[in-house]
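Read from first to last, the chains carry the letters A, B, C and D; within each, the first residue is number 1.
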């Protein structure tokens, strides 16, 4: 008999985040009232975080296939073929709510979780990236959140031993009550040695590995799917603590037993730990699973079945092992000082049975737990189109020089060195392009091939036009990979939005996903993994829609990699792409004029592809010496970044007639790149561009120690440098937020 | 050159080290497990690599310093055998008493990964014979606790005996507090044992050997070891 | 006036440090060690205020900075 | 049996963490803070040995591992 304490009441059901309808659906499935443990299990399986119930219908729109895709969404991480018998395994995941409550531990466990997703599949992690969004720098908690999150990301990755090579950091008041911490991990595996969650074979041992189970994060997955209110502070005791040392041991032990051929199926214990991992392994293999909780290694006394099933203790794995290899696997885990316990077996009953202390605590249909999870096509509204701003109607209150200085020293565009110097970005000795460029480049084994990776999104654009913003996020990631010379291969996404039960938020989600889909299709850039984080709001105020895109590409030969720094004096600076002077939603408008207005720049995907392919071709032919894509801040900011990276200045020509100078220099028209080339190469490049129908124009020449613009005071690179590098350290040391 | 890299649980730069040794010497080092009690026969060079042994959860290197293999490392050092202890390895060597002093939290309390400038104080050592004394090299650091501290007598002694091998300096080799990023006493980045056969240093020369990845200023340290052992 | 603020992890919160030290003590053969949890102490010299004020100030210090109230408890002692 | 080992820095050894905390407390406006030094406590559960043995074992633990005798002092208390 299943013990039924405490009594299931409507209040208890609501506490578990289930609606009355969902509860009835569950009762219908099992044909009786659930036990308390069963209620816990279903609440974990059916919450937004695990079931994707609000987003699933829309995620199906995303293109997920290409000849090089080995595994698309649905496993722990996506897998793509990178040639030479190797595969790249990668995924991004959010840890927003835990990081807001306890920034250090929230960030560490976010990194730990995404690393586990990657090595669960048999890949050795080779790089981490992250995308961070904080509130207004003037907000009283902002500094503590920044320093806690950054220390946490570093604290985990540095100790685990994976380089953190890239990411992005942004600030906006709309994240005041709900920061974003999106972590991405990238690994490399042998293509024919990828491990999956699908269990096979009846009567096989289900094995628990890693750290012991405590009461960590109980209700964590439910918390990740609940809005914050003023009482969310009460949810604090569920904080999980990361243990990178144990995870490093777990990595080595897992890879070792995989190498030795012990593993049939493997699933990490992430959100809703034992529950999700056991159900997933069984359901994927059309098998039942019986768990015997008396055998679960616990850290605390008197844990209940409910607590064990919902615990989110970190650094744990569940596996189905080959019975004849069980002893060998156990010896390997003991060598690494980790717990190893047979906690159950696979069955042919299609039931998920949990026993504890002589009782059956849960007996549920395993497939239906996942397959019959509610799925909503929630109502959504069409986002309002904003007017296209006419650049001529926007006057600049300051000189070009002042505007550039303001942009370069703004929280969003300033150097993030203070952040990435706290990350070990060099360990493993493959980091060829370090943080600070367009995309990070990490050599594959001994080369000459390398992976390029980046994370991108412009939330301001997504807020103004979710569809164009979604497209732009993909296009920018694609462009960043292209700018280092890589062939973009695939995407992982992390969709961060507010409460999907509000039609306008659902509208943002739907349209962002449509934009992402359209861009991924046009750019042949399939989505192979991702994560959705909803309910990112506080007291009814949502974050900016933030669909972070993590892009991965490949470089066939490191020697052909491009970087953004000017290489020498006297080289010609070229602009690829068309400049109209688009100021709507630009960094210039937001930072210099304090206005977030108008429609964001549209993304013409065909032009994006054509221009990018052209740039990649030039890089491969070694025709260019430096390459930088244009994004936030537009042309002059891009040129300034190239100068800052090299300490070489530039003499620039007059802007195009018919465009106000500030719109020319700071407009954010898409599909553009700045290149430099030896002057002798220029005629060939322009001729080739003309042949392909690509707009290319000469902007000026590199050289000197300042940026010289017609009609403006010269701008010393060294003083720009001080502004660029100064903002974040000064701010973090307690200096002014502006 | 027969080298052995000791692997403690939580160590994570052992692969970088093994790769650098192979790259420069052409020979794979032996990887030695912390729980073993002996080094491979004929080991010329023992390397204690970087990482976070035991998570560095007590004091950096403290738990690793008490591992069974360390007895063998001590014996090797006592017989004059070469020991290269990098980053966490340096911390382990200090905790094990192979080198004096201790490495405390960086002055600004943050983990820092970046390239720094090191002045090579002397070239008459097995670790630096391929460099010129006074030369300044650029190598990366990646640590949170590299702030070298010892009591005044110890500092005076190692200075007098010329046992400071590397110092953090400005690019021109001048001492400058702005470049002593972790606050180490006398800007000390690396020291030698009394017999000059054990080197502990915080920076990672092993990450600067391969031109395909970046600068190669760390390479001569390994070339020095190779030539020392060949000459022997 | 000398004071000591002791900060310890709340019960139930994972203590990786303690766990690693526990393992090390066991393998060093230290007799009888069943479990270890690690905490911090802050020895603070307080000047120019009376005991009541000092206690108040240190409580503030503990709550605002020395302890992470999400996962830690603290105790203030004036010596 | 519960025991506590407290490890503190020897006088004269520089304590960058203590210094930083001191600075932070001052800038938070905590009244009267003159200096801060940070140390560690280890709360140890000891089993199956008598008090004398426990004290001996913990002294050994402190000297062999918990404290770095070059820079730190320790104190063992059985509670």
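Keep in mind that, in the parts below, a contact is a pair of C-beta atoms (placed from the backbone, for glycine too) under 8 Å apart; a residue touches a chain by one contact, two chains touch by 3 or more.
Note that the structure is predicted; figures quoted are calculated from it, not measured.
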Practice task
Would you mind naming the chains that touch subunit B and likewise touch subunit C?
Solution key: A, D
Exercise for the section: Using mean C-alpha positions as chain centres, tell me how far subunit C is from subunit D in Å, no decimals. Expected result: 9
Handout entry: Cα-centroid distance, subunit A relative to subunit C, in whole angstrom
Key = 36
Completion exercise
Whole-Å distance, C-alpha centre of subunit A to that of subunit D, is 41
Completion exercise
Chain centres from averaged Cα atoms put subunit B and subunit D apart, in whole Å, by 29
Handout entry: Per-residue overlap in subunit C, given as positions that touch at least 2 other chains
Key = 16, 20-21, 24, 28, 38
Problem - Two or more partner chains touched - positions in subunit A - result: 243, 245-246, 337
Fill in the blank from the handout: Where subunit B touches two or more other chains at once, the residues are 54-55, 57-58, 63, 66
Handout entry: Interchain contacts, given as pairs of chains that touch
Key = A-B, A-C, B-C, B-D, C-D
Fill in the blank from the handout: Listed in rising order, the residues of subunit C that touch subunit B in the complex are 16-17, 20-21, 24, 28, 38
Handout entry: Partner subunit C, residues of subunit B touching it in the complex
Key = 54-55, 57-58, 63, 66
Exercise for the section: Enumerate the contact residues on subunit A facing subunit B in the complex. Expected result: 151, 154-155, 158-161, 243-246, 248-249, 336-337, 420-432, 443, 447-448, 558
Practice task
Report the residues of subunit B in contact with subunit D in the complex, numbered from low to high.
Solution key: 58-59, 62-63, 66, 95, 100-102, 104-107, 109, 147, 149-151, 183
Handout entry: In the complex, subunit B residues that touch subunit A
Key = 9-10, 12-13, 15-16, 19-20, 51-52, 54-57, 110-114, 140, 142, 144, 204, 206-207, 210, 212-214
